[in-house]
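Below are two complexes that have subunit A in common, paired first with subunit B and then with subunit C.
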Partner chain A sequence: MGEGSSITDIVDPMSQGYRVASRDVVSESFDGDVVVVDLATGRYFSLSRSAGALWDMFGAGASPASIGAAAGSDPAPIAAFAETLCGHGLLVRQPQGSGAAPDLSAIARFAAAGDAPEVAVFDDLAELFTADPIHDVEEPAGWPVVKQG
Partner chain B sequence: MGIAARERGDDRAGTIGSASVAEYAAALLAMADSAGARLQPTRIQLPWLDLTVRLSEGPLKQAIAETIVPLTVAAGQDRKTLSVTILHAGLSGVEAPRPWGDEPYFPHELNRRLGPAGLQASFSHDQCLWQVMSSGEGRAVQLMQGPEDYPPWEPGAPLRVFLHWAYAAIGRRLVHGGTLGLDGRGVLLAGAGGAGKSGTVVAGLLSGLASVGDDYVLVDLSGGVSAAPLYGTLKQDPAGYARLGLAERIGERPLNWQGKHQFHVRDIAVGPIPPRLGLQAILIPKTGATRTTLEPASARDVLLALAPSALWQMPGERESGFRFFATLAGRLPGYVLHLGPEPAEIAARLRRFIEDGRP
Partner chain C sequence: MTTERIAEPGSYTVVIPAWNAQSTIAEALASVWGQTRPPVRVIVVDDGSTDATVAAVRAAGLPVDILSQANAGPGAATTAGIAAVSTPYLATLDADDLWLPDKIERQFAFLGTCAGTALAFGHWQAFSGDPANRVAAPLPGWTRTTLFALTDVVRSVGPVIDPPGFAGDMIDWLARAREAGHSLSMHPDVVALRRMRPGSLSDRNNPLRDKGYLDVARRAILRRKRNEDL
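Right after this comes the complex of A and B.
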């Protein structure tokens, strides 16, 4: 690898795989409505229906290219959404990919969703989760909050 | 503190760190066995749990007697025991609590570390207070600097952390929510503080509905979804206290640490606190409507209302709690409860909902 480059520079973003970033990132699905929470940061994420289907497939190692091929969709927005999830700390890249084929039921959910892959972030409690409650917090009128200043 | 911990270098100035916490936790449990034997036990039967508490006379013991709701029906089978000893420095054979050191303290990481030893622990910095439990052995200890050096919220829900750990170990949970019911059936009210949850519970009680508690209730998912009482504590800020006419009904009550009047379900309930309510829906209250209505909410919205505060307020491992709340959210229909301004109208709407089982 040349100076100044990284492995992500030479890997095709459409064919690389992803995995869930850590054991603190857990999710639940309610008939296609997916909620993801990062137990370490306290951030909650609500995924649109198509995003929930993609979440399942990314977590199982499918690449944007394989999902796009199976769904008959442009893989570029799928890869862009995977990168969005990476930016939130929910997924990490696996440049080698897993070679996993996308789950057909998830492909069907993705195709039937009829919405754009989107993620809504709820971070009201994030400061509390990430604070060290001994060294960084004080009592407010309720529960500890992060010390200011 | 043992020699091994000192050699690891995490016993600087007598502080505790991640390398020494398991050893210290075990030492505190041993201290509870010896020093606690001199304290008079108080025995309380709770749902699925025979609780024994040993502590000195004082406000905390009084709060336990006043706020915890003992089981009023036959105890049944499949019960666990929990023995909690509450100690403070100055009691015979009790050392002062050691503070956490310079190392960052993250509750769920701490409990991941203690899990293999079968232990759970929580440290409150402001009071230098340790809470340690061995769920498998049903033993727990709280060590304080002085007899009243506990968090200000403790008298409203005493032993909350120990009950959380004990019930989580048997697949049940303390849920941060309020309840209202009628003839054994009812609803769970969940949501952020200030959303109108507690005012709704009080309005319902004043109109003759029952409640198994506000703030924290015990939820069981085995069979149907049900809630059982643990605490009878109710709280209202002065504005709510006035709006609900509570001063005329029960007189003035002192303000607690939050600046709220604290009282008890039995002060305003028409009948005794029921031993359980079969839950038929989860309601997310929202203030600001001109009349009270119910609007369907998704399980996702219910989970987002239920889980965050409960996960934050309870120390320890978080994933099983998230899974529990997700199961709960998926098992019951959810509704946004748009609250009108009149307590009697709110209560009447909820009574109809509980009687009909649908909006």
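Right after this comes the complex of A and C.
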């Protein structure tokens, strides 16, 4: 690597992979609507249908290039969306990539979504999420196996 | 035993949901009855405990009404207890936590200084073993253990809903209270203590807990969409 350069300067953003930023970032699909919560910040996120499919593929290590190739789509907006998710602290870059092929069912959901990949960000419950205490207690303890907030 | 005195202005009832709390419930009750401004009634809602929770309540020798239900979760137990309240104010407490002696006195005065506020909370501090052994800095307690409020307002918010794994039930309830236009006020002082169990650590890899928080977020998103569609 030359002086003044960094690894991000020489990695093709289309072929790099991503992974979920930390164990504090959790997600679930509710009938195809993906919701993400960052337990560290208390922010939560609602993904559009296509964004939810991309989220699943990014989390499994697929690169924008591989997703674009499998879906017959321009990888540039896919990469841009991945960077948006990185900006929200939900994904981190894996410059070497995982080489993972995109899941075909996720590709099908992405192609069928018919919407733009978008993420809505909410912070109205942040102080409640971050204040909610979490206990891991010895059995046979009562409810606060997860401490109620 | 019923200790209720319905008509007294400013009187309050304490609701304690309890499940398998035999080792902590007596201490929790002692902290309630040790208040400088004591309640007129204490309700323990036993949520189908499989241990000696009920026996521990009775052995404590303090005035307590016990409501029993099949196991349904802390939210359902809290809701059942709130439904039985007939005083103008109520407070809630988790069965493993403790109040400081002047909690209610401070919060009652605090409500009087917060115009338009019907729901008061306070800071709390974690302890381990001995209540004097504080193991963390005080934090804002947006929790069941610190809630002190007007009963009618609490009821108007609706039931405390149990998410999967029971995580986040009060986050959902507090969010709904705020969306209904109620002001939530945080007393700056420590009013309660949160028990850390021996050997416990925050568990950052609990899928069931995560499902609860995700369910709470999902509910908030759906409420927002419904409001936008109106």
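By our rule, the second predicted complex is superposed on the first by the 126 of 149 C-alpha atoms of A that agree within 3 Å, B and C clash if a C-alpha of one lies under 4 Å from a C-alpha of the other, contacts with A are read in each partner's own complex, and residues count from 1 in each chain.
Simple rule for what comes next: a contact is a pair of C-beta atoms (placed from the backbone, for glycine too) under 8 Å apart; a residue touches a chain by one contact, two chains touch by 3 or more.
Worth saying up front: this structure is predicted, and the values here are computed from it rather than measured.
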Inset, instruction - Would you sort A:Ala113 into first (subunit B), second (subunit C), both or neither based on which partner it touches? - result: neither
Legend entry - Per-residue contact with subunit A, leading partner among subunit C and subunit B: C
Inset, instruction - For subunit A, give the residues common to its interface with subunit B and its interface with subunit C. - result: 23, 26, 28, 30, 33, 35, 37, 39, 44, 46, 122, 124-125, 128-129, 132-135, 137-138, 141-143
Inset, instruction - Could you please specify the touching residues of subunit C with respect to subunit A in the complex? - result: 17-21, 24, 47, 49-51, 53, 73-74, 94-96, 126, 139-144, 165-171, 174-175, 194, 196-206, 208-214, 216-218, 220-221, 224
Legend entry - Complex contact set, residues of subunit A against subunit C: 23-24, 26-28, 30, 33, 35, 37, 39, 44, 46, 120, 122, 124-125, 127-129, 131-138, 140-149
Inset, instruction - Under the touch definition given earlier, write down the residues of subunit B that touch subunit A in their complex. - result: 100, 104-108, 123, 125-126, 151-153, 192-193, 258-259, 298-300, 303-304, 307-309, 311-313, 318-319, 322-323, 326, 329-330
Legend entry - Interface residues, subunit A side, partner subunit B - complex: 23, 26, 28, 30-31, 33-35, 37, 39-40, 42, 44, 46, 122, 124-125, 128-129, 132-135, 137-139, 141-143
